[in-house]
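Below are two complexes that have subunit A in common, paired first with subunit B and then with subunit C.
Moving on, here comes the complex of A and B:
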């Protein structure tokens, strides 16, 4: 309604102006530059009127559209010399296995990468053997199955994307292998998302059928519901499984899955800095000797004695 | 004849008036609900230690001066929107207000207040 009335007002003003200018030009000698200016002014006024009218109803650049920014948490790996908390990674794998793995795959992570990080060799072997993988066909060409090995990748819950969508009302649960790197805010965002489901969406928010409200998710309407509740899993090390504890652990695990080289990278970086800076200082020291002859030489000019 | 008319009117009424349980059921339900709530309260008191650390911190932050102020703004907005919803012709409104911004302001404050202290409470 409002936009229409504005448009009408702009149009009638414009019409009045054109009539005035038309009368003026018939009286005086026609000047084409006047027409041009009036035309440009008209076009400008109409365009800004339309844009303004559109801006009244346009639903862009709202806070909801961008999602709430997650706060920064004190992650164990923050800081140049800090590593992941590996006990937390181990608990996080448990949360992933018991909660997230029902919908989310972890395609790019192989069982062997867990060895020495969160679990021992025999533990990981036992975990892999619980899953069946395609084997070479037998002599008659019949497909065979075999238990998993360390070299296999962690299997996902669905055989393909279509199956995943069909099981989740059309929403595709993203693969979590690189999710911490794939989202703005990284670990902070994942943690906030997992713990940030309000009991009720803000008043006036209309959600599509089957959607849930989460302020951190851009747009606010997310297909995944709240999954972490207090005491959902029972940790083997006796840590109280509160929602935020589980969210922290599983985020730490996912961060490791995204950056398995993290701890080694920091170690290598430290080594590189130590070696390169000592080599640099050495080169500065050596330079003194290399340049000593040049720096200490002296040019003298003795003019020839004038002939008498 | 009369009974059929009464039935018809009843039916009409059912169409427009939201369904309400019978008085007897109502009493029982409310009793049950009260009991449930009582039990819940007791449980909460018993399990105070097992409460989520983040929720506890956020609650603490909500009770600070700024938290109260922001919460008040949100509640005010919620009330306003609730009133608008009750107005006739709400469905046809071109612009419907929501309280996302007020909610974000409150939540952002709670986050910035609770987040730095949370991880020292987690293992």
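Moving on, here comes the complex of A and C:
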């Protein structure tokens, strides 16, 4: 009994000590986790506050940064069955040749692709022959030149990118072969850009040296100045060469350069839609025909007559 | 021409049947293509190169300029 009570006392003391230690540890853990949570909350609130304060002055996602969205224009090729206006492509080539080609190349377009689109065979041959191309060297190994052929690509104004940059204060005039496909807004954007130069940049706009202001260009500061002015070219078909007429024609030409397959694509698409939808309807009819017998089948169950 | 006679003339012998399929496909694609092209060019009259060519008075050239 005695020994038992001693043992009990010792045991209960030990248990109390253990309990006390455990309670102390848990209290410490609770206070430190509370401290962590408070710290995290404080840090989060501070970060949100800083981000919000920054957003009040940030210039991201504005029209100035992304460029003004161009309006949608009523192009001749709008609509699923509409082709390009080839008279416009022809005038547009003239604008490209007389205005744009001073700085912009058209590397991916071959002379032959113009034949039957905007010019006759002999016209394109004559245009190609005005340019010189590298020929095979002669028997002594000296480089030779030859006039252009239909199979050649339209030559650019500069021999390489460095020459282009050197001639344009460090800015590279982009190649125009695929420019309509390469810009958001396509034709609408190109037309808006060409006709969208204001007389003066708006108040507060600071432009780098040699740059021009155009609201449609992302950032607003574009190295190309306004190039199209009324009566800059003289159209052979007597169309008045206003700024917007020239911009429309050259945009139409560049759209053709980007999508030379356009007219044929729409014609083939029409054929494909007619054939595929007739085949689809035919398949629906065949399915109904083949299933008719199965769907209208009727199962009857005649139970055996109970034996009497 | 009832179905029975169509069957007798075109479908009964396999060689004739296959020939019918081939000839039919050929005839269909030429007529379908020319009909679609005719409609498409009529729909886009005045915008196509052949109209522009006539307007600028370009002479018909011997070489194929397609």
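As a convention for this text, the second predicted complex is superposed on the first by the 252 of 308 C-alpha atoms of A that agree within 3 Å, B and C clash if a C-alpha of one lies under 4 Å from a C-alpha of the other, contacts with A are read in each partner's own complex, and residues count from 1 in each chain.
In this text, a residue touches a chain if its C-beta (ideal position, glycine included) is under 8 Å from a C-beta of that chain, and two chains touch if they have at least 3 such contacts.
Since this is a predicted model, take the numbers as computed values, not measurements.
Trainee: Superpose on subunit A as described above, then tell me if subunit B and subunit C fit or clash.
Mentor: Aligned on subunit A, subunit C fits beside subunit B.
Trainee: Tell me which partner touches more residues of subunit A in the superposed arrangement, subunit B or subunit C.
Mentor: After superposition, B is the partner touching more of subunit A.
Trainee: Applying the touch criterion given at the start, work out whether A:143 contacts subunit B, subunit C, both or neither, answering first, second, both or neither.
Mentor: neither
Trainee: So, does A:304 touch the first partner subunit B, the second partner subunit C, both, or neither?
Mentor: After superposing on A, A:304 lies clear of both subunit B and subunit C.
Trainee: Check the residue A:202 against both partner chains and state whether it touches subunit B (first), subunit C (second), both, or neither.
Mentor: A:202: touches subunit B, not subunit C.
Trainee: With both complexes overlaid on chain A, does A:267 touch subunit B (first), subunit C (second), both or neither?
Mentor: In the superposition, A:267 contacts subunit C only.
Trainee: Report for A:231: first if it touches subunit B alone, second if subunit C alone, otherwise both or neither.
Mentor: first
Trainee: Quick one: classify A:120 as touching subunit B (first), subunit C (second), both or neither.
Mentor: Touch status of A:120: second partner only.
Trainee: Going by the contact rule set out at the top, does A:84 touch subunit B (first), subunit C (second), both, or neither?
Mentor: second
Trainee: Closest pair of CA atoms, one in subunit B and one in subunit C, after superposing: how far apart in Å?
Mentor: Checking C-alpha atoms only, subunit B sits 11 Å from subunit C at its nearest point.
Trainee: List the residues of subunit A that touch subunit B in one complex and subunit C in the other.
Mentor: On subunit A, the residues that contact subunit B in one structure and subunit C in the other are 87.
Trainee: List the residues on subunit B that touch subunit A in their complex, please.
Mentor: Residues 50-55, 74, 77-78, 81-82, 85, 94-104, 107-108, 111-112, 114-116, 118-120, 122-123.
Trainee: Taking the complex as given, what residues does subunit A use to touch subunit B?
Mentor: Listed in rising order, the residues of subunit A that touch subunit B are 1-2, 57, 62-64, 68-75, 87-88, 192, 195-196, 198, 202-206, 215, 220, 230-231, 239-240, 242-245, 248.
Trainee: Going by the contact rule at the top, pick out the subunit A residues touching subunit C in the complex.
Mentor: 76, 81-87, 90, 115-118, 120-123, 236-237, 263, 266-267, 270-271, 274-275
Trainee: Tell me, which parts of subunit C touch subunit A in their complex?
Mentor: It comes out as residues 32-33, 36-37, 40, 43-44, 47-49, 51-53, 55-56, 58, 61, 63, 65-66.
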